[in-house]
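Next up, some structures in C-alpha cells.
Both complexes shown next keep chain A, but they swap its partner, so chain B is in the first and chain C is in the second.
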Partner chain A sequence: MDIRRRRILQLLGLSAAALTVKPVYDALAADPAAGRPRVGPGREQLKAKQWAMVIDTRRFASEADVEPLIEACHRIHNVPHFELKRWEIKWIWATEYKHAFSGTSSDRFLADAVEKRPFLVLCNQCENPPCVRACPTKATFKREDGIVMMDFHRCIGCRFCMAACPFGARSFNYTDPRPYLKHTNKLFPTRMKGVVEKCSFCAERLAEGKRPACVEAAGGKIAFGDLYDPASEAHQWVRKNYTLRRKVNLGTEPAVYYIV
Partner chain B sequence: MLEFAVKGSKRYYGWMIFLLGLVGVGFLVYLRQLDVGLGITGMNRDVSWGFYIANFTFLVGVAAGGVMVVLPYYLHDYKAYGKVTILGEFLAIAAVVMCITFILVDLGQPMRVLNVLLYPTPNSVLFWDTIVLNGYLLLNLIIGWNVLEAERNGVHYQGWLKPLIYLSIPWAISIHTVTAYLYCGLPGRGFWLTAILAPRFLSSAFASGPALLILLCLIIRRVSNFDPGWKQIQSLAVTVAYAICVNVFFFLCEVFVAFYSQIPEHMDHIKYLFVGLHGHGAYVPWMWAAMALMVLGIILLVNPVTRKTEGTLIVGCLAVFFGCWIDKGLGMISGGFVPNPLHEVNEYIPTLLEGLITIGVYGLGFFVLTVLYKIAIGVKEEVRA
Partner chain C sequence: MKDKRWIVSGLVVFLLIVLFPFWYNRGRAVPPPEVKLTEKAKAEKECVLARDYMKAEHMQILDLWRETVVREGNRIYTNPKGREFVMSLSNTCLDCHSNKAEFCDKCHNYASVRPYCWDCHIENPKEAR
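Showing the complex of A and B:
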C-alpha cells in the first residue's frame, strides 16, 4: 500500500514538473527583443562628430535681441518661471562680458560696445565634460555626436554635476516645476522635483532634422553644425573669425564659440 | 550584548527619549522636504550644496578621527589605549551613520539612491565615497563588536580579525581622502582646487574626532563606573594639540598661496569668507570665530599646564571641536560656491527647516552612539566586577 501511494505521489510530482517546465523555459529563454518596437535613430536624425555653436555677439546689441531666443528655448522645453530667485531654473540666459568670461579674459578697459553687449550663455556641451566625470549614475552622459545629455529618470539629485560644471550651466528642481508652467509643450517631458536639468542643444529637434530652437530664433546670428566637418557653417565661422570660448584654461573644451 | 542597551537608569531613558524626540521632529520636517522638495532649504542654483553636505563632510572627519586610538593600540602596541579603542570604533560607527543619513536627506530623489549600485560608475568620486563609507561602517561594526564580545568572554579576539583591524587603519584615512577628492578634483572651483585639501581634511579630522572622544570620555567618567583613564585622555589631548596646529598651518599655507600669487580665483573665496565680497559677508563673523576658537584650542592644549587641568582641557576640546565645525562645516562648502562660476555673489543662508532636519540627524547619531557606548560600558563594568 505504502509503495503504491509513494508511486502516485512521484507521478503527480513529475507531471506537475512537466507541465510547468515548458512555460518557465519559454519565459526565460524568450528573445526579449522579439515583438517589441525597435529603438534607434530616425531617418531625419542630423548627425555630427561634435555639435558646436558659434554666436556672433556683434549682432546682439541689446536685451531685445536675445529675449526671443531665451523665450523660444524655455517655452518648448517647459522651463518654469519662479518668483523665488533661489529656485531659478535657466537653460540659456544673457549676461555681461565680464561674467561670461570671468577669470580668463581681461575685463578692464573693454571696448564700450562689448562691455554693454548681452552675451548668451548656455551649456557648452564640452568635449571633455567634468559633469559627466562626476555623475555617479551615468544620468548625465556624452553622446556620440558630442551632446552632453541628461536622463531625468535616472538622476538621483546629488548635484555633483552642478559642483563640477565650471560654467554654472546646470539647474536643479528645488520643487515640482509643473505648477509654475504657464503652458506645457506636450512634445517635451516636464521634469519632477529633485532632478538636475540643462540645455541639450535641442537633441529632440536634431532627431527630427531640425536645428536648435535658439539657433532658429536667432535668424542667422548663430551658426550651428559639426565642428569637425569643414563644410559645416559652424566650422567655417570659426575658421573665418577670431573666436573666444569660456574658460579654455580648464581643459573642458567648450563647444560654444563667441565672435567678439 | 544588546541587553545592556535596554537596561538603564531613568536618566538614561530620559536622554534616549529626548534624542528620539529630536529624530521625530527631524523626520516630520523631512516628510515636508520629501513633499515640497529641497526648496525648503536655503540652497539655490549657485550654492547647490549646503548644510547637509557640510555636516556630512565634517562627520566623515569625526569618523576618521577614531583611528587615532586604533592605530597606536594595534600598530604600536600602545597598551593604555586598550581601554578606549572600542570608544573610538563605536564613535566612528555613529559618525558614519550620520554621514550616510546626511547624504540621503540631501538627495533630490532619495528613492533612486540604489542607482549608484545599479549603474556603478568608477569615474565618479561619489561612487567610491559610497564604497569607502559603507565599508568603514562594516569594518568597525565587525571589529568593534567581536573584540568587545571576546573581552566579555575573557578570551583573546579571533585571529581572523587581525587583518581586518590592519585594513581599517588605511581605510580610515581613505574615507576622508575620498571625501576631499569630491571637492578638490573639480575644475573651476578655485577654493577647493588644491592638493592640500585632503591633508587639511585629515588634520582637522584628527583634531576634532579625538577632541570629541576626550569630551565623551570625561562624560563617561562622571556617569558610569567605567573610567577610560586620565593617562589615555592626556595622550589623546596631545594628538589633538598636534593635529590642530597642523590644521591651522595648512590653512595658512592656503592663504599664502592664494594671496602671494594674487590669483583672483583663489583669493576671492577666502576674501568672501573673511572680509566679505561685493558687500556680501554673512560668514565673516563665523570664520573669525572659527579662527579664534582654533587659536584658543592651540593655546590651551599645547600648554602642558592647561592641558593637564580638566577644566581648561574641556574648554580647549570644545574650542577645537566647534572651531573645526565652523571652518569645515560652515565655511568650506559655501565658501567654495561663492562667488559662482560667473563671478556673481549669491549667498547661502540655511533655513530653520533644514536646521531641524540636521538636528534630527545628529539626534539619530547620538542615539546610536549612546546605545553603543552603553553596551561597551556595560561590558567593561561587568568584566571589572
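Showing the complex of A and C:
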C-alpha cells in the first residue's frame, strides 16, 4: 500500500509541474510590447538637462527691438490683449533695469544706456521653482529637461503660484480670454477662465525640434540651449560673458541669464 | 384622520405630475444619433484603434494622451499596428473628424455629456488662420 501511495503523490506532483510549463513558456517567449500601443517622444524632440536662455541685452536698444519677440510669442500661444491692466496676461514682456534687477547690484548711478534699455523678462524656469512647491494640485511641475510646465487641466485657479513667484511671471485669466484674441493660432489651445498661465520655454516647439519662438524671432540676440552642455550656445555665452540673473539672493536659481 | 381627503388628493396630484413625462413619452424611443463621418475619416477606414473600442472608450485614450503629452512630454502614439500618431485632440483627432457638430456633439448631446475640452482646445484646426 505504502509504495502505491507514494507513486500517486509523485505523479500528482509531476502533472502539477507540467501544467505550469505552458504559462511560463508563454510569458518568457512572448514580446510583452507586441500588439500593445506605445507612447514615446518624437524623433525631433530636443533634449537637455536644464534648458536655459541667455539674453544679450546690449543688442536690444529700444522698444522696437523687443516688440517683435513679444508679438511672436503672444501670437502663437494665443495670449489675449486686455486694455484693463488688472486683467493683463503676459508670457514675455519688457521692463526697465530698476524693476528687473532691483537689489542686484549697485544701481544708484547707472550707465545711461543700461538705464534706458528694455529688458526682456519671462518665466525664469527656475532650477528650484517656488511655484511648483506652492501648487496644491501639481498643475505646475518641473520637467526632466528643467522646464517648469503648466498643466492647465489640473489648475484650479488658486493663484498660490502667483504669490510664490518672485518674478511676476504668471498671469491669471479673470475672464474667458477667447473674445480678446485678435488672432487665433489653431494649432495651440487657448485657456479658459480661472487658470493661471505663463511661458513654457515653448515646450511644444522643442518637441518638434524647433527653438522657442522668441529666440527664433531674436535672430541671434538670444542664446538658447542646455545650461550643462559645454557645447551648447547658452553655456558658451555664459562662460564668455559676465551675466546677471534676477533676484538670485532668493535661491530660486533662474535659468534666464542677462548679458548687460 | 379628518384630513384624509386632502392628503389623498394631494398624493394623486403629485403622482400625476411626477408620472406625466413617462405617460407623455410612452412607447416612444428617441432614435440613437447617427454620426456623420467626413470623407477623410471614411477613407482612413480605421481610427487610432478599432472602431468599437473608439466608440466606447475614446475618452480613455484622450485621457492617456493628455497625461502623456502634458506631464511626460511624450507626443507620439504608436498603435498596435505600428502606425504613429501625434497625440493632439485639435490637430490629430479633429484633422479627420473636422465636423465636430456632426460627429462629437451628436453623441455627447444624446448622452447628455458635456466635455469641457472645447473651453480651451480649438474646435477645428483646418479653418483659415
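Details
Note that in this section the second predicted complex is superposed on the first by the 221 of 260 C-alpha atoms of A that agree within 3 Å, B and C clash if a C-alpha of one lies under 4 Å from a C-alpha of the other, contacts with A are read in each partner's own complex, and residues count from 1 in each chain.
We take it that a residue touches a chain if its C-beta (ideal position, glycine included) is under 8 Å from a C-beta of that chain, and two chains touch if they have at least 3 such contacts.
Because the structure is predicted, anything quoted here is derived from the model rather than measured.
Contact with chain C, but none with chain B, is seen for A:Ala207 once the two complexes are overlaid on the shared chain. In the superposition on chain A, contact is made by A:Trp87 with chain B only, not with chain C. Of the two partner chains, neither chain B nor chain C is touched by A:Ala27.
When the two structures are aligned on the shared chain, A:Ile3 is found in touch with neither chain B nor chain C.
Once the two complexes are overlaid on the shared chain, A:Phe167 sits against chain B while remaining clear of chain C. In the superposition on chain A, A:Cys158 makes contact with chain B only, not with chain C. Applying the stated contact rule after C-alpha superposition, one finds that A:Asn185 touches chain C and leaves chain B untouched. In the superposed model, A:Ala64 makes contact with neither chain B nor chain C.
With both complexes superposed, B is the one of chain B and chain C in contact with more chain A residues. Once both structures are placed on chain A, chain A residues 192 are touched by chain B and, in the other complex, by chain C. Listing the residues of chain A that touch chain B in their complex gives 84-90, 95, 98-100, 102-103, 121, 130, 133-139, 154-160, 162-168, 171-176, 192-196, 247, 250-252. By the touch rule above, chain C contacts chain A in their complex via residues 49, 64, 66, 68, 70-80, 86-87, 90-91, 116, 119-122, 124-127, 129.
Against chain A, in their complex, chain B makes its touches with residues 36-39, 41-46, 48-49, 103, 106-110, 112-113, 115-116, 118-119, 121, 123-127, 130, 182-183, 186-189, 264-265, 336-337, 340-344, 346. Listed in rising order, the residues of chain A touching chain C in the complex are 35-42, 45, 141, 143-145, 149, 151-153, 183-192, 203, 207.
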